[in-house]
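Right after this note come the structures.
Each of the two complexes below includes subunit A, the first together with subunit B, the second together with subunit C.
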Partner chain A sequence: MQTRSSTYLNEAVAIWFRDLRSEFRTRYALNAILMFAVTTLIAVSFSIGSFRIEEAERPFLYSVLLWIILTFSALSGLSRSFVKEEEAGTIDVLKLSARPQAVFFGKLLFNLTLLGALELIIVPSFIFLMAYQINFPGFFVAMIISGGLGLGAGTTIIAAMIARASTRGALFSVLSLPLLLPLMITCIKGCERAAIGIHSAGWPEVKIAVAYVIIMVVMSLFLFPLIWEE
Partner chain B sequence: MIFKLLLTMWMAVIIVAAFFYAGTAAGFPGQTSRILFFHVPQAWIATLAFLISMIASALYLAKRKVETDYVAQSAAELGFLFCVLATVTGSIFAKATWGSFWNWDPRQTSIVILLMIYGAYFALRSAVSDPERSRVFAGVYSILAFATVPFLVFIVPRITASLHPEDTMSPVNPGMDPKTLKVFLGSLLAYTGLFIWMLRLRIRLLRLKGLRVRDLYHEPDNE
Partner chain C sequence: MFTLKVSGIGKHYGETLVFKNISFQLNQGDVLAITGWNGSGKSTLLRIIAGLVKPSTGRVEMFFNADPIPKESRRRFIGMVAPALSLYDELTGLESIEFFCRVRGLACNRNDCLNIIELVGLAEHATKMGREYSSGMKQRLKLAQALLHKPPLLLLDEPATNLDSKGIDVLEQIISNQRQSGMTVIASNEKREADYADTVINLSE
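Here is the complex of A and B:
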């Protein structure tokens, strides 16, 4: 049993590293996601500026804008992880060389890496450009991290599905958004609360987001083999 | 045939009874409480249809029988139809009692997300050309979407308090007028009958379409 469980992990990590290496050579997904995010951020920042919105409204409206930028940037590039396998024709080899759950985990880790890079660049820039005042940074960071995990967990299995469909680009957002909506609402609420600085005991929004991540990952592990072997 | 005739007569009786036999509930302006006899059964059918669709999808994924997928697809389509009807009638009621057609009441929020999910479900079905693959993907998506429902239940009520009438119109409420209760239960029965009839028609249609496509590729066995 010991060797079996370790090979699952090995396979997943191998796929993760392979994807990172190939991404590092082309930087296709990262460029797409980051350029989308930066362009949107500049458009938002330029048209609103840091003083246009009244002080009392800022925590809520900035949190809405931040999560719209993050979610839609993620949707612009996360489908790459599976679409590129389909386009390069490497999908059959991948099927032979790793078990479905390991493939899912490898791709999930890769998508989470992309999301981490996105958040690392966009969130500080957003705070800097919009003069977003956050009174409770710990809660805010926890919300951003758990929200990012949720975005990855909710979209990875959808990416695997749309890689086999005919209209990939639009379909990815269409399928992902209804599943991400509960998460988005939670994250917006959580970031607003963190910005205002209400010390809400136990960070309820972070807990909801973590529960979302767990449920989506567990469901995906059950359902992914069905899609993968189809 | 006899089932259809009986259903038509029963629906006619219910519509007349909803307007002339049952009284109006206290606390609602004018005749607005009569929405109970149409809106609630529509919402009930939508829920039932989506539930049937989800169960049929799971069965399809387990056993891979095409017939169960026909049930899943037909039920999802009818659920969508009744969901739209419930949204529209509810919105008219909202205008009459709350003053606006749309105010993102928790009920309205959750029904919109439900419509989005099933809109996406149909988009997925039509985007995958291989029929077998399309069935598997649709099944997987419908189960995934179902997994997010608990979050809506937890999160949405946290945003705003609902104005949706609950206890005043609930059939289990002992305060409900017996005449109203009779017509309401009759209406539930009528709508359920209508749903079963439509579902069977739709499944038959899908079965015929499936036959035609299959016959194009393979010779039928019995010829």
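Here is the complex of A and C:
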């Protein structure tokens, strides 16, 4: 068989599409993430609603609640990308077929797709159910997108690290939280400022979140081959 | 011309020694059988050659036209079939082969994939989901996956497992064809599989 010019992107896209196809047929990760997110959102909206919090406190508290829902929903399902390869015994055939960096990018793209779907469903629902007023929508959307990218980058490398551990569920949360905490704090602050309508030149929180994404991806590119080939 | 050189390979888990000081060299056309009792390390030795497990001692080297092949490039030269190596249950046989084609960067279209599936006798079942395959059909699909990129080194761990007589014929044909284009290492306890080989290494001795 002739070998065509294989790029990391081609390989990563092949892995991304394969994961999407598998997920579309099994809906394992998507169901876990959405069930957690919808249940939490409904619980929060019914127990707190839009009227139990003082108006001045809403921007901050709603931002906290939104990012708690998004982060913990992501933690409930994003580890599946690597864990299912380990559990199904397909990890070795993937190691023999694809380059490590391509595997990482393929899994990252898959996790980002899941997170995108989660945010598309949960963020508008949260805004509607909680009557969350946002005075600076552009900044808010940028914060949600950059925060989602950071969440995806952080959880993907941790999912790779814990895939072989016997207590992987607990380990995923324990390792993820300290790594994701700076991102969460930034995203909460950014969404609060977007809700209040405070305009800062250059959207500093978005810049911090984008820097976090770049750092995580670059670090993962160095770290992942070591984890993958161990 | 592809060459495999294994020098002083040993493996231990903690204080448990699995095997030690295994050395051999294979050239094009060679078929080597690795035999031994259960737990003697046959599968581990194959996984070490494939680069999936690190040896405790010794080293595995591969050469193409006498030039050493770096570790990160070796996957292009290796095709492997093993009981612990599974394919995707939620994809059809054809989709699995197409996936491995793309991820390996091979210039193959749907017909090429169908041809390789036909070669292992799965043409009628190409559009069935992996989870609907019997154990023997899964084994055939693993063989198709391993042969897809025409690797010069074929590593077969218990290759006749679950195969019926037609499947055994396919396997014999694959090993025979591989003599023309590369080399084969078979790990097995079955005498018939060891009989395909020119050389036998018994890990129990």
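FYI, the second predicted complex is superposed on the first by the 224 of 230 C-alpha atoms of A that agree within 3 Å, B and C clash if a C-alpha of one lies under 4 Å from a C-alpha of the other, contacts with A are read in each partner's own complex, and residues count from 1 in each chain.
Everything below uses one rule, namely that a residue touches a chain if its C-beta (ideal position, glycine included) is under 8 Å from a C-beta of that chain, and two chains touch if they have at least 3 such contacts.
In this text, all values refer to a predicted model and were calculated from it rather than measured experimentally.
Looking at the shared chain after the overlay, A:215 reaches subunit B, while subunit C stays out of its contact range.
In the superposition on chain A, contact is made by A:165 with subunit B only, not with subunit C. Residue contacts after overlaying the shared chain place A:11 against subunit C, while subunit B stays out of touching range. In the superposed pair of complexes, A:54 makes contact with neither subunit B nor subunit C. In the three-chain superposition model, subunit A touches subunit B and subunit C at no common residue. Across the complex, subunit A meets subunit C through its residues 1-7, 10-11, 14-15, 18, 21-22, 25-26, 88-90, 92-99, 102, 229.
Remark: subunit C residues 47, 50-52, 72, 75-76, 78, 80, 82, 84-91, 95, 99-108, 112, 145, 148-150 touch subunit A in the complex.
Residues of subunit B touching subunit A in their complex: 61, 113, 116-117, 119-120, 123-124, 127-130, 132-133, 136-137, 139-141, 143-145, 147-148, 150-152, 154-156, 158-159. Subunit A meets subunit B in the complex at residues 157-158, 161-162, 164-167, 171, 174-175, 177-179, 181-183, 185-186, 189, 208, 211-212, 215-216, 219-220, 223, 226-227, 230.
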